[in-house]
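Order of writing sets the chain letters: A, B and C. Residues in each chain are counted from 1.
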Amino acid sequence: MNATPAITALDLAAFNAAYARAIDSDTLEAWPAFFTERCRYRITHAEAQAEGLPGGLVYADSRAMLEDRIAALREANIFEPQRYRHILGWPHLLAADGDSAQAETPFAVVRTMHSGEQMVFASGVYIDRLVRGAGGLRLAERLVVCDSRRTDTLLALPL
Amino acid sequence: MNATPAITALDLAAFNAAYARAIDSDTLEAWPAFFTERCRYRITHAEAQAEGLPGGLVYADSRAMLEDRIAALREANIFEPQRYRHILGWPHLLAADGDSAQAETPFAVVRTMHSGEQMVFASGVYIDRLVRGAGGLRLAERLVVCDSRRTDTLLALPL
Amino acid sequence: MNATPAITALDLAAFNAAYARAIDSDTLEAWPAFFTERCRYRITHAEAQAEGLPGGLVYADSRAMLEDRIAALREANIFEPQRYRHILGWPHLLAADGDSAQAETPFAVVRTMHSGEQMVFASGVYIDRLVRGAGGLRLAERLVVCDSRRTDTLLALPL
């Protein structure tokens, strides 16, 4: 009996690199496929998280909702107004077996405006639950906890 | 005779990810345990380092001193005034065997103030000497060389 | 017949860490040796890249040109005017075998001025083609695509 080898931090690093690349290279339509069909994607901030507040800044519980979000972004942003660059840290594995994993990964995002101006737009941590299926790793849940409650996520690209 | 496999960059990346998480998730009390009982933790900046100046901005030579430092921080910062996010690069291994390793790891820290404002607070390099014991990897020495001599480390969280 | 194992993301991460260290520790003279004798090093920005514009901000097609560039920088910058800190993401492997690899690696660079002031100087992605020879990995091509068209690369250190 050959057990599937457990998911490693190296697997997650490769997954996260592909995830960030989909957003930062403006191939946003590829982004929802990093999630399972039924999934949970939420953006919140550290204070709300610490106080157990329910309201995320962004909330989706299916891949279809993520696809809608991208369609809406494309409609709103006819002239590409900004560009993101995700810089991700090394995934901290909390649990892993052959089928699933839980991990936390720190992130920072540099935003470049159309004018060329650059700034740190967001930092925080991904709190993830992933599953491995026939198509490889997928996010069953990604909770994006931003460090700042000021991070403007309404019109923003995905984090 | 089975020699212990040498410490790898992958081992150090996992160690550093856990180290940064202890600070950034505000579980500072876990931070001193990343060091050996007798250790060396020093924060300095590149100019002082280049000129061979002795004075570090922060200096500790035992885990007990690191614990004192955390206790003092907790007392001073009743209302959490800031939040850090460490973004670490890949460890550059200088030497490694089964028991110890020397490595350099670049870092940047994004600071988030209570107001929500965010900035690059510090960048630099960790110059490390680690040992592996029964409890896993521990820092025998971490020299934090900040790129800027202006980085204010007096009241700050650990780097 | 033992085929050489394919180049891995881990190999590239170690290579990139050494590359960034050569620049950030001010041992610039070591930088050209990360490239093959005949190579292609180009800095451009995302808009120019998207529009297929030919003009890179910086262009070199041999290691000798890279050496000239470093010599010129040394001459111009008698008093070290700035310091870089590269923070690199995990390499996204596009193709790899035992002899060569193609990969994309995101980067951000924090610049520290002599005054101590720090800022995000550049972000973007390396689009690389590497070969493995007797001396290890070398860049046959590194295309540095900056996110901002404002990134001032004329007098700058290498990215």
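Going forward, a residue touches a chain if its C-beta (ideal position, glycine included) is under 8 Å from a C-beta of that chain, and two chains touch if they have at least 3 such contacts.
This one's a predicted model, so the numbers in the text were calculated from it and none came from an experiment.
Colleague: How big is the rotation, 0 to 180°, that puts the C-alpha atoms of subunit A on those of subunit C, in steps of 5?
Modeller: 120
Colleague: If I list every residue number at the interface of subunit A and subunit B, are over half of them used by both copies, so same, or under half, so different?
Modeller: Both copies touch with mostly different residues.
Colleague: Centre to centre, by mean C-alpha position, how many angstrom separate subunit A and subunit B?
Modeller: 27
Colleague: Give the residues of subunit C touching no fewer than two other chains, as numbers and ranges.
Modeller: 10, 87-88, 108, 120
Colleague: Enumerate the contact residues on subunit A facing subunit B in the complex.
Modeller: Going by the criterion above, the answer is residues 9-10, 46, 87-93, 104, 106-108, 120, 122-125, 147-151.
Colleague: Using the touch rule from the top, collect the residues of subunit C that touch subunit B in their complex.
Modeller: Touching subunit B: residues 10, 13-14, 16-18, 20-21, 24-25, 83, 85-88, 108, 110, 112, 115-120 of subunit C.
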